[in-house]
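You will see chain A twice below: alongside chain B first, and alongside chain C after that.
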Partner chain A sequence: MSVPEENKDSSTVEAPVAKKKGVPEGVGKLIPVYVMGKRYEVPETLTIMKAMEYAGFKFIRGCGCRGGICGACATVYRRAGDYRLRVGLACQTVVEPNMYLTQIPFYPANRASCDFSQLTSSPEEIFKLYPELFRCIACNLCTKACPMDVEVMDYIAALKQGNIARAATLSFNCIQCGLCASRCMGELPQYHIAQLARRIYGSKIAPQAEHLVEVAAAGSSGKYDAYLEALMKMSEEELRRLYQEREMEPEIAPEDWVPNNKEYL
Partner chain B sequence: MPYTPELRELIKVVEKTRPERVARKKRGEEFLSMSLDERDEILKKYHPDYRQEGRRALRVGVNKGYVIPDEFVDILEAWSRVEPDKVDLSEPDVETDVLIIGGGGAGTAAAILAEEQGARVVIATKLRHGDANTMMAEGGIQAATKTDKDSPYYHYLDVMGGGHFKCDPELVYTLVTQAPDVLQWLEGLGVMFSKYPDGRLQSIHGGGTSRKRMHYCGDVTGMEIMRTIRDEARNRANITVVEFAPAVELLLNEHGDCAGALLYNLETEEYIVVRAKSTILASGGAGRLHIQGFMTTNHYGATADGLVLGYRAGVEVSFLHTVQYHPTGAVYPEQVEGLLITEKFRGAGANLVNINGDQFVNEREPRDVESAACIRECLDRKLGVTTPTGRVGIWLDSPMIDILSGEGTVKREFPGKHILFQRHGIDISKEPMLVYPTLHYQNGGLKIDSGCRTSVPGLFVAGEVAGGIHGENRLMGNSLLDVVVFGRIAGRSAAIYARESSREGKLTLDHVRAYHRELKEAGVPADCVAPMLLPDYTDPEIRKKQLTSHYFGTLR
Partner chain C sequence: MSYYPGCTLKTKALNFEASAIAAMAALGVNLVELPRWNCCGTVYSMAEDDLAHHIAPVRNLVRVSEQGSGKVVTLCSFCYNTLKRADLLMRNSPEKRDAINAFMDEEIDYQGDVEVVHLLEVLRDDLGWEEIAREVKVPLEGLKVVPYYGCTLTRPQEAAIDSVENPTVLQELLRVLGVTVLDFPLATECCGSFEIVSRPDSVTERAYAILGMALRKGAEAIVVSCPLCAHNLGQQQPKIAEKYGNFPGIPIIYFTQLLALAVGISPELCRFDLNFGEVEALLEKKGLLPQCERSGVGE
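== the complex of A and B ==
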């Protein structure tokens, strides 16, 4: 397939491509894409990741969970004839004709180490570890670069105001791919700052689960050992009976549902 | 790709039966659960574990004669990536107290606990730190934390029943009694659990649970746990992480104790000798072997490397005859094939329905039973829905959740999946998803005791690579629990062993030589090396043109 004249781009490298093979069924027709400037023909329905594999790439970096959650396959691309850089995850983004793409599998942003157990819930802790927070000029490029639609600039703004809870909630879907940092004029490592904010929120600001203290203590005091030891020695037949007879908490039961049999609680 | 007009027509059928199904849900009327006998019957007929074809007996090693899927046999009956005689073990490149192979949930939890025991720790991981199935676990983590309705007693019964009463009792005991403590530990590290305003943890049912004890962090529980413990590990000065450096062999010493591993730098292709006082295998699962040709939910690196390493060193394997197929992997759009659709959707009220919009199974059966029922519906009763690429699936009726719990629930509770499908033009709060069972979890693995010890002194195992905890079938929410419970134990055990019991001795790969001899004697052709390290998804036509698979000289 040749590139239509209007889509030709000055950064095109017309690499020699072996003559085409058959296209697997159900994946549509072949379209040209430019991987790091080099042209390949790939089925139009594939994701960038599968298209690159189809073309013969074998990933070492730039491929992880293949399910849009690990942040290994951050990709920057541009459509021929367009100046705008777009972003996506290679495992989630479907190829488009004449897209120019490159992966950014690693970004060397600053991560501040600390003794987390010694931190307080004060925003000052974050300011001290990441003074560059205040270099943010609110250009919003970070938010535009986020493949997860996280409101990056907003959580940075929240942190500047000392609102850790809001930053933790806003950044919750962050997959730490680093694209925000790659576009940041203030050179902030947003995703590392957000990680710290979430941990401070989760352990020092959000209301703690008091029931865990009680039950963990009960467990280590051996409260359940007698029941459990009996189960461990039981025949399969007896276990099957108890299993069949166990009382089920109904699907729609309210949180304060209690079973009839409280003997083993 | 949004739904095609043909699929949209079929969705209308689902919409037609939806009001009545929602009404039944509201009345608390459930589709009848199967008895244990009915479960046995459907499993025998439809579950891939019970198919006789596609499996064979191991010809070598401690489990010689054990019949397991071909894909496991292929990698266990394979040759080392290195010729033992060529490896110079006399001057190790790295020395440490505890070497951890694998940087997922188990390995990372182990590292933190080992470091707390004063050990110097090296984590060697094939991809990036945190690239693991742990990261992808969505549904949640089980623990009996609510003493007014639950206790480890019921958790124990549920685990046992789910695992066909074959689980190792000691391991189950450890799993269920440590669970609340693990949640407390995670909360202390800053994991953002979904909570009620007073701090009480929210919890729901999972398949096969008798009490609502699945705790969660939105629909990204695994990611939240993984990134939090990874962050903590990065804060510890005595934990060194070596990325893109998978282990390709364990090293033993002259006493027969495990004493480190041979790593392979994926980028420079060098081999690196690491001597360690104790070693933890936490290398994860096997989904990328595509057992019986199934698509998988697993991570790119899930190639069962640890099984190969442990087995060659003489550690027994167990429960590899069973593999877990998650009932609901996406089959549409094609770009997301195999993608895990968490059980939590069913826990939150979504029905599984066939092409006629009818329910055919209770949504909270254990995973193997649920999967078998889906396979029966599609292959036997022919009531599945065929996609444009020829896949077949059944509907997971997610829009019910918004109707049951209020507009916006799907978007709020399943942000990850909502945005993902949105990108393909599908709004899962308004349209159902098409799903089919997908290869999800390695039930079995290397044999351990409740201290994560193996038959090889100095070698500890934790996480998905271990076997016995879940018997023949794992329940949802018990793998995140497993990796943290046993990861912590392995870390502590290995550090104590390194301090108190390890013995100095000359490093050796004699066990690999012996394994090679055994392969030769069994007549296994020398045409396959393992561990696989990474799967190959290159187009077969391209592969035919990749002619330099064996070469000499400067070309890699």
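== the complex of A and C ==
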């Protein structure tokens, strides 16, 4: 009986520079990865996303920000010889030899619609919109599937306890990739529930920041209209210069730091 | 003492929790809520091969272990029952214990080393009636109640905190507090429990039988330890009145609220406003609400 391909020792292969057209110099070794079951040899230093592009995939959707923020490139992978499914963002996770992977750019989980302005800050609102919340059996597969290390099960538990503030805090790093829902045996749309919790917390529970209200009012009253109009009329070159010369707060600055140009404050 | 509240005590039964914490503090026991916990599982799964539904309660027992505590106290009798029986399963079924521990590979293994107790056991076994009697500042004299255990405190036998057939712990506590406890043949009858979801009419019938008996016995209130019993016995009363007419109604009180009141906790902290029935009016009629303290709070 032959050893299945995936269970053979992981090994790297020298980049077949002569054979493969377009391999850049200095990419290091090529390693085998399996994208949706098909073997490709890719430079070992690349992220999953770059490796897939190297292999010929073109991202029209499921690419997103490429900066680990947006959650569009959620990827499920497995290492050869291991039953465990692992997760990562394709733009952040570096390929490994004999990695089996696929991207899940979107998950069709239920997202309840509501008239947000009519909601109160009561947890009952969430219970009514997402009664499936109570199907959670605390298996914790959601937390294990989170590429952002969010304590998903714990924020679901907090909501069952009526603690919207805690759920909002615990889910703060959620990037809405949906991998939690993909693994849930109770079929909860955790990430959508958490988003509703954060919205309710932000607009109906957390104290309002007074300075934000002031700035928003100033904006509405037209204080910045002239600045914006001036920007709209600038040439690309002028905009570029303005951007490059902008004054930034230093990495280490005293608390009372203010910019030299206070025109926009 | 490690304390597991359960979801209902944080939403529908705030009066149960608030009164218990205040009363226990007055008795010198600090109930320290677990910093991290999840739903108890609500109902202990009876299916032999259904291990998935034991994960939630066992995970909570792991949380207790993580605190370095060997004992956890619950207030909700449903949580008590589920946690207790999950613990017994982990103690008595090595094969299932290993399977559950293996599934929860992100947690420390649970070896069955946490004692799950109900608050009534703490009062009876750790403090004792004599010590509680010494702390009673407002004897609740003249108040006539029936004790109601429901199912989950005393069934099944291996999880019972008292005699299955004839439990007495609730009566004993109430007598220490000065309450007049009436004999109640339906003290361990089922209130209909979670049938309220699928067969609410059957719960109306159960509640009518239990409440009717309590009224016939001359009770002025029913004392409970379970938020689901409190819900069923309370919320069915308007339906009973509508269906049968001539039903005067009867307030539902958590035992911790009477305990708190008796040891001198302000009635505001007991949150009688969240109870079903006119509890404050009843206590006032009996002269059991300290007027001066009440007006003093919040000023």
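Simple rule for what comes next: the second predicted complex is superposed on the first by the 185 of 265 C-alpha atoms of A that agree within 3 Å, B and C clash if a C-alpha of one lies under 4 Å from a C-alpha of the other, contacts with A are read in each partner's own complex, and residues count from 1 in each chain.
Note that in this section contacts are C-beta pairs under 8 Å (C-beta built on N, C-alpha and C of every residue); 3 or more make two chains touch, one makes a residue touch a chain.
Given the structure is predicted, the values throughout are model-derived calculations rather than measurements.
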Partner chain in contact with A:149 - chain B first, chain C second, else both or neither: first
First (chain B), second (chain C), both or neither touched by A:140: second
Which of chain B and chain C A:185 touches, first, second, both or neither: second
Which superposed partner A:157 touches (first chain B, second chain C, both, neither): second
Touched partner set for A:123, first chain B, second chain C, both or neither: second
Most chain A residues touched (candidates chain B, chain C): B
Touching partner for A:247 - first (chain B), second (chain C), both, neither: first
Partner chain in contact with A:214 - chain B first, chain C second, else both or neither: first
Chain A residues contacted in one complex by chain B, in the other by chain C: none
Of all residues in chain A, those that touch chain C in their complex: 123, 136-140, 143-144, 153-154, 156-157, 160-163, 185
Chain B-facing residues of chain A, complex: 18, 21-22, 24-27, 45-47, 50, 53-61, 63-70, 72, 92-94, 111, 113-116, 148-149, 168, 172-173, 175-176, 195-196, 198-204, 206-216, 218-220, 224, 227-228, 231-232, 236, 239-240, 242-244, 246-253, 255-259, 264-265
Contact footprint of chain A on chain B as seen in their complex: 1, 25-26, 28, 30, 35-36, 127-128, 130-131, 135-136, 144-154, 156-158, 160-161, 165, 169-170, 172-173, 176-178, 180-181, 183-184, 187-193, 195-201, 205, 210-212, 218, 220, 223-224, 227-228, 231-232, 234-235, 237, 244, 266-267, 297, 299-300, 334-336, 339-340, 349, 364, 388-390, 415-416, 419-420, 423-424, 534, 536-539, 541-542, 545-546
Residues of chain C that touch chain A when the two form their complex: 5, 7, 10-11, 36-39, 41, 52-53, 55-56, 59, 103-104, 106
